[in-house]
């Protein structure tokens, strides 16, 4: 069983698809459940997996908290649980086998580091946040700020939520443009995902600004449309969040089912930074 | 409904004069709008400046109607449905499906003018479906339209898959022109809006359809007994709403020139309903105020613009929105006004 | 059979049929384990929906359920951090729900504003307050949470009646009592049937309206407490969209949105049908997000049509 | 009746202003214990408003109310009820979706251990109805009964044991002679028990049958109060309308012979299972046919079957010699049939729409949605009708829901007339209409008949039927049992026919 968060943005569907295709390749009978971004749906899904007596459960948690009870049930039913993507906050770390994932915080830090490097530690940043309260938004913001805090001259001057959507990113950027008098003095636009950054690019073009030139554009995900934007010079950098990670996850699971050997609590999947100079790999 | 005004209060003479002014529908939403503008002006003194940038008008006063247009279109359709005592929760889904279809047909290489009509046809079809459920199967509107609301965005995703779905963006000079272009100094979208509004107004007020819609909404049984085909009238309301939603869909989709079924026009149904209510209509049906609905949409958009330009942390957005909505509503309530007046009067003494 | 029980009967038939279909399609489906989980997993929405049933019967609506659930959780989690017992903080939130609801009822009645809009503002306000308190998910670590989760009555077979399901059933019983065996309950139906007439017949409008929304607030707060215990955390986005599920459960349970007609018991089955749709989709396990939405819509459509059809045929039979 | 120093109820200087209308202007009203006090006045005179002020349903602008000599503040109908004032409002103001029991006992259900005791409530309900000689299933929703039954239930509801004063706003408007007589017996009984009773009606003879004193309102002002014995009918009427009633058009006899005129509408074997046995009926041009029968005999059903608001499952209908295909109100309206329903609140007016919009609705529906009446045309029609029927409204743009009951009824009538029908079906057309207007409407109907309109009138008022009909079809137990025509149409003959086979 694999319990996915939902289908928002461009990245998650790609990941889900990859998980299903990889499962076929590996000969795994995958039960897939999409929680539509809701914790309770996800708990229901996990319970349904337990009732169906699956061999292993992979969870990409919507929220970090609230897993004790249901993971306990899985443990009682003798079904090992793996985490993908986000972490969970449980008292008893033995409730799950391991977490196999990238690191939101790291993504934020990478973006921050790139910003510091590209601007030589002097920047006025506008930030397009993800959905208020969503884990990637919180973590990416923290990661970014953790790095930029080391540079006294990097300041986040405006920040708003664009809900991870293109439309939202565009609206927020339009507002920034207006409230800062055509982004006067702004050097960097940091978006928590590519969709919002793409919206921001449109808004800037419509206002007669040159994204990627007047203002440096850095974001997270590295979706196909962003590759093009990087190639066209409209954007400068995007941290890749790999979607084809089924090939990282399944071997770990299958191995564990075979030999039940204890694993470290976090198997990391690398994140890469792609910049305009290295757009196509 | 209001046979007995159980709760009307004795009004002081000051209250009476104010009340006479306040009774006019248009006053309180306008007051709310003015209030927001004042706040905007305080936040950013350049709020009212209008400049010409790259050959078109630029500034908040243009930007607010510009941004409000899609919501206002949806709200106009919603006003019609609400006039019949119904509600249409599926408008966001209709926008999503429309967006997916546009992108799909562009990838398939259809002429863009044709695509425009295809997109509207999609809205028509969705409206027909909702109308069928409500008028023919007699399902309660909120549930009937919930069906499309739940599944519509899924359908959009499926349509995205029709062309691979990996790159849901496109370029279309025609559609983008309608949405983000400008004719002379004026944004095309506003002209499109005025055109559609004129069409709708003509349909409702130059034919008897508006009267029929309102009578069915006010008292279905009575309307039926005067020979009005109540089912067809209700049906038409959902079709109109579907068409309005899909025309908003064209503008929204062309705006970002991508298809993003999951998050495009999220919660637009709530904003649309809010606009209708701020415009003074009752969800109990029986009245359709087109002009007032636009005013409602403008109030909501000014609020959004104010929040976005204010530089306030986004955590506060919702609370501010709630407070403003409550204030607008309290202003519209005559009971509340006379209460505050009497409290103020007592203070002074 | 009395006319007013027909929609309830139809809802129950639909529910049983659906359960049977699940049994035919999937192994391990018809079991007390699945049934017990179904009750427990949907308990919080159903509890909130029970309160909403009264609001809807009175001709109103409550959109702030989901936000209330989120808000209650966030407050409880933050109080947990400073050492409050969940029962105490939960009890406080119940009182909060009651007072908040009464206030909403007062605004609706005194200012004569439509419930849809007042509660929509409530939705924004409560959700916004969650964000203002904190953005992260906060765990509730108190041992009571575990004890609560562990408490259950075993059912024949592998299943058990979880504590949240028990709370739900008690809440339902209380609601049935209030709805059908108190004057207040009768007044609710009267207001929903015809507001003007109810006022003329001497129903104390302000008190009753405040009571109705206070109940709505109380039950959604209780739903929030159960949700917080169920997930042992407070998460500012929790419960998003639950208001629609709750309202849909109420309506599926045979209550008319126009007011005056409906039964609280119907809401239980309406809510269970929604839960069952989710369970079926999970058991299928090959649907991606897009298909889940579509299948969810199609199933909803089929149930409504089936329910209407059943009500119609019951009616014919009882007329003949 | 004895005049005591302190009245049961005394209202002093009561005023009420609605936007644009001074509904009450310093009105005084004194009710003694043990009297029946009639309240008279034209439609819109302010009668209903006055009693709504008394019962707290409408907040007054000025004035005070005393109960047994003590000043009382009555803010809500609930408080009035608690003070022992029982009220039957003009529109049947009960809850149609609730059962009869619940309606009867609402807010005062018998309780045991804090729990409502429904079994006892049922018994209470049955007992109360029994006093009014009604025997119905108290568990069915009230809305499933006819308006008349609902009216009786409302009266039963107002008669609690602790009632000290009873207010009845046009309680007899939808009752037939039998029920009215029964109600009067009950009123006399209550009077003997010392209740103060306010009785509003437009039936002059009923006033003389039952009341002791009468107060007359005109345009929101009290014109006078007096003993009924000292007030002859003509004086009463002229007080009400402020002038002499020119012609006593009430009794219009000399029905035109029109039996050779062409048949406009013919129903053959029209019927519906359970609802109405198959019947035959012919309407000739210029002819007025009455439908008479006891309450529940099926008058409304006959009207609705012909109009297509009820779908017949047997029989056929011809209009002007051509068979009607399919039956629906829409088809009927287009073919030239118009219908005024009896239940004006549920099926008549669209309360939110203005007087003008309500008046043009049927004509507009006949013309179809594309062929809109211009605004000026609408205004002309509305103005014409407001004048012709004397609808009391400040202007044509007032929402109909804010008019007085009788004026709403006139608007419905206006709506049917404006549509220019060949066949007009009126179900209880003069319910709640004042004497002056009543006479005018009867004249109008005769005039229309003279122009070739075929008319079908269902009414529980025998005098009205006698006055307008060329023929009367009599119904009993959902069956058409015979016809009376021409000079044979008298009260007695109709009553005999209704009672005939019964004994």
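Letters A, B, C and D name the chains as they come in the text, with residue numbers starting at 1 for each one.
Basically, contacts are C-beta pairs under 8 Å (C-beta built on N, C-alpha and C of every residue); 3 or more make two chains touch, one makes a residue touch a chain.
Quick caveat: nothing in here was measured; it's all calculated off a predicted structure.
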| item | value |
| --- | --- |
| Labels of chains that are neighbours to subunit B and to subunit C | A, D |
| C-D against A-C, pair bridged by the larger set of C-beta contacts | A-C |
| Centre-to-centre distance between subunit D and subunit B (centres being mean Cα positions), rounded to whole Å | 43 |
| Length of the line joining the C-alpha centres of subunit A and subunit C, rounded to whole Å | 33 |
| Subunit A and subunit D: spacing of chain centres that average the CA atoms, whole Å | 70 |
| Multi-chain contact sites of subunit B, meaning residues that touch two or more partners | 1-4, 6-7, 157, 262, 314-315, 317 |
| Subunit A residues counted as touching two or more neighbouring chains | 6-7, 13, 132 |
| Touching two or more other chains - residue numbers and ranges from subunit C | 131, 135, 196, 199-200, 205, 289-290, 292-293 |
| Every chain pair meeting the contact rule | A-B, A-C, B-C, B-D, C-D |
| In the complex with subunit C, residue positions of subunit B that touch it | 1-4, 6-7, 89, 133, 137-144, 146-148, 150-158, 161, 262, 270, 273-274, 277, 282-284, 314-323, 325-326, 329-330, 332-336, 339 |
| Subunit A-facing residues of subunit C, complex | 26-29, 31, 33-34, 37, 41, 44-45, 77, 130-131, 135-139, 141, 145-146, 149, 227, 230-238, 240-241, 275, 278-279, 281-283, 285-290, 292-293 |
| Partner subunit B, residues of subunit C touching it in the complex | 109-114, 116-118, 120-125, 127-129, 131-132, 135, 195-196, 199-200, 205, 244, 247-248, 251-252, 256-258, 289-298, 300-301, 304-305, 308 |
| In the complex with subunit C, residue positions of subunit D that touch it | 55, 57, 76-78, 80-82, 87, 89, 93-98, 102, 105-107, 109, 111, 114-116, 118, 139-141, 157, 274 |
| Residues on subunit A engaged by subunit C in the complex (per definition of touch) | 1, 4, 6-7, 13, 16-17, 20, 30-34, 36-41, 43-45, 47-49, 51-53, 63-66, 68-69, 72, 89, 91, 131-135, 137-138 |
